[in-house]
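Letters are used for the chains, namely A, B, C, D and E, taken in the order the chains are written, and counting of residues starts over at 1 for each.
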């Protein structure tokens, strides 16, 4: 369970990215977070696994107060939370398998950590994860030889191998074509339903979000402006979430034209 | 007017990219070409301005038989056809304005060509084109300091400065985020309607294609499998255009899995 | 800065300037370039030879040449001066006989330097150690000797003791020590010591295991003092030149005469030459003899003596190519050993 | 500054918008360049006419090197091997030492800014010291011979590879690093798994490149008594024995060519 | 499960190859360790090192601020001038060689031959170039300029070639679609890309050439190098200190500027 209690986040450069967030997500939910660029979606996700520190409020994940964690505890905590990125964040110069094996590094004995030689059992687990997302045959291929969709699946496999309780996905399909997007979303849905993992996802494609997620959270300027069932989302609500944009943009453009 | 009469195109490596294409596009139409990767969309576009030679058939653009053109004629012919690329294809190390001015090079007197000093009138035209796509204020900025969307607009301005009859756009929004995509598509629509330019566009985003184009052409394996109004496109038609994909993919995957 | 180049010549007779003592109808020379080899600490050569410019200009003016500018350069190595002389980019070179012989395709000897003889002139090393320190004598000679000098290091002392006991050194003993030599075209710093090895042991410097090439005698002595090397080879009165630095700069307590010993003496070496380039545009027989006259006069004047003393030159005698035939022989031997 | 002195040009578009065109800086830059060249020519007595008249003198020595003195080869092997050893050892240790230093110098890995800047300054200082000078200093400290040469090469390699390496680390795609941290790795582990695979090919290739360069450079080190083939080269220059010099150079060229071919092979493999 | 196990065994077996390469490298290193010989280290080395440090701490300030033609300031100016002109001339010579050795431009045989030539040009030590050039120009900074030019050619042309082969050819395609001729494509598509890259490379090399200047002293080719080496050989540490301080400061300042300039050129 993830619980935000009056969470605020201000970046060092004075940008108020999150403002008084209150939120409760149960284990096994599939939540999509939508909102304009810069609304604070990524920030919201990243606070959950302490990639960013929150400035005010309380954030409780699986009964742990995230802010109290330190050093090694943070790292152990993160092991239970998988993260998928828009740009996949893979090491492109090595093979698919090695990229997946990386998720076992924190638990491996020291000599394995440094030599990068993994036990057979770990290899087996990694291959199983690759099989689950359907790219077992690419195990020994270098990542930079894969298509975007395949790379995203490697990243998914890496997360699965971690056996996390929660998957945070930051725009996992933004750089994919429609067909591959569908495959990745199907994969995620599948995992969510069969393995009972919580999935929190930032996403720009509203239709996709509505189709797959159980619950939609709309973020605007660091605040939650909608939180409810995907089925209940109407055009009005979307206009509200994305509404601010047009006005903002026009004023910015005018300003710049006279610089 | 663009007319394909039984056009075939086979690449030197025996790849049959286009097969018996028959097509007629009137001046001022907004046509979107959709289809899977490798279907032949880019090839189709590139034959129109003789970036590729066709192998069989006849291709007539503005009453000119494209295949008969030679050397200088080709270059003069291309001046009337603008082209926009997915990767923008700009000279990143110079300013926006200089990139736009390049479109006047072929018509400039020799000394201007070499010194790179352009007449005031040309500068006006270039700036006007930049104004039209809304990035006048960036005229003296180096291209590599612009965002992807802004770069695509520079590329659009370069094409506009050319005053072409036809604009060929090869996946102009593929590397752009949804909001910028929308701006670029709006720009194109605007130009299409106000300046009566024919627009032919390859595009992966079906919804966008349906929203903006008057006419959709579906390409599959080098053949036209659909040609009709955007409003008439149904899910079945899309399945047909993209249909081959699923089957193909599965057979490929099975083959590879046992390698 | 104004001079337009090294060798541009204006041979047209010009009117006397009347300013100084230049005679009427003098031939004008824009620039005369003189190259020195770095057998001394080069910085010193540049500053110490500064007065030479004036002396030479004056002398040449009275001999019918108005020289606009005298350019003195010190090559960091012998080869640079030799090549410049041979190509004609330097007009006059003060170079050792050995260098002259190597570059005689483009250079022509004009003078040989003379210097005072020394209180020691024996072939036996022991004599030099018994008659310390070595002092200059009054008469002038055209040759000098090279010495093998053992330093204060343990090995150096051991070698010296043996020599002073009248024992013969074996090649192995010499080979165990570390040597400091000069560029291989330096007569006192390489060639003659090689000859010495050849005559005594039928070996040469390249057969030694620990050989270091120093670029000036100063640094060779510094290394000897620091105990980095055990043996150095040098010209006979080098110890007198480094007597001061030995205790001051190199930080030794005892005097150089106490701490160093001669362990070998080479045959006589013909003194340095003043050579002129055959390929220089301005050089002709007249200028050559003018330069000969000028240098001899400088060597005789008080002021001039002081300047050339930096080189241990004390005067000059006209010389001819055949004077250096011995040197050629020496080099042939050394080169054939190589 | 510049814009205040040379006011931008105003352009009014037909639709009334105003664009300010900054004055080109090209004339000013050209002027500065021409002045610099003029004074440099004055300072160095550069004269194109001398080159025109005397360029053929350049080839006098070249022709004398041909044909090379083939018999001489047999005497060169040992010195050549010394040179290779010196370069190999100096480059190897230098390249290894460069890794930790470069890590300390990269702002994206080293969160402590002071250490990062200090490491950068250290590398810069090391690089300013001409190799010949450090070789000379090394001969004073380590005595004459190949040890001094090795030390000089080590210092140069450390500085050169270190700088390139930290620049690469700073330009590395930190996405993967972030993902590793999200998995729960320490920064050093994340460096090992996310950064090293990215920089490894480039690192090895710079190190190999440096090694090649060092073999070449070792030829000069002989001059200050730092051992290797340079010693023999100097000797032959002294004897004006250019055909032997030619042979030494030929041997060096062949060696460099072989090393380049081998390292090119590995570099391609790594990329 | 079948395919899973199969994949486990499918792992490419390059361990043996890696092992072999590692062993060879280790052997090479062990072999080269014989080059080290620490017997020559003597206490005097430490004395000299401490003298050097003392010299650096107590530089000869008179010399440092001596603005006459034998003072450090003048010699540094001369060094800058030598490096500056040398880089320019080296680049002028390197550019045609670079184009001729880019296999994307000329036939591969020509490229290969020119590459061989470049290896030769790169291998000849500065010392030898110095001797060759002294025959042309006579001793002095002029010879230094030309020596620096020759020494730079190898690296400059290598980096130029890299820049040429990295050219973004997409631009040329879009220019073709504009109707531009080949000449126009070169002028507006290639030159703007290469110009700033080449300039940045030249600045980089200028920076290096300042350091190379120390080598020039060896052949009497002007600049600060000769006095530095003479001073070191004469153990005049305060002089060494002041020269080194001047040289290091100069190089640091130049490096600072050149880094700024280069990143501005490359990144805009």
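Keep in mind that, in the parts below, a contact is a pair of C-beta atoms (placed from the backbone, for glycine too) under 8 Å apart; a residue touches a chain by one contact, two chains touch by 3 or more.
Remember, predicted model here, so these are calculated numbers, not experimental data.
Among the remaining chains, those touching chain A as well as chain D are B, E. Across the assembly, the chain pair joined by the most C-beta contact pairs is D-E.
Between the Cα centres of chain B and chain E there is a gap of 45 Å.
Note: centroid distance chain A to chain C, computed from Cα atoms, is 81 Å.
Once the centre of each chain is set as its mean CA position, chain A and chain E turn out to be 46 Å apart.
Multi-chain contact residues, meaning those touching two or more other chains, occur in chain A at positions 136-137, 257. Each of residues 3, 40, 42, 45, 48, 131, 135-137, 140, 218, 229, 233 in chain E touches at least two other chains.
Residues of chain D in contact with two or more other chains: 17, 45, 47, 50, 54, 57, 60-61, 140, 143-145, 223, 234, 237.
Listed by label, the pairs of touching chains are A-B, A-D, A-E, B-D, B-E, C-D, C-E, D-E. Chain contact summary for the complex, chain E toward chain B: residues 3, 168, 170-171, 173-181, 183-184, 187-189, 192-193, 195-196, 267-268. Against chain B, in their complex, chain D makes its touches with residues 11, 13-15, 17, 19, 21-22. On chain C, the positions that touch chain D within their shared complex are 1, 4-6, 77-79, 82-83, 87, 89, 102-103, 178, 183-185, 190, 206, 210, 212-214, 228, 335, 338.
Across the complex, chain A meets chain E through its residues 97, 120, 123-124, 127-128, 131, 136-137, 139-140.
Within the complex formed with chain D, the residues of chain E that make contact are 28-29, 31-42, 45-46, 48-49, 52, 77-78, 80-82, 84-85, 88, 116, 119-120, 122-128, 131-133, 135-137, 140-142, 144-146, 211-215, 218, 222, 225, 228-229, 232-233, 244, 247-248, 251-252, 255.
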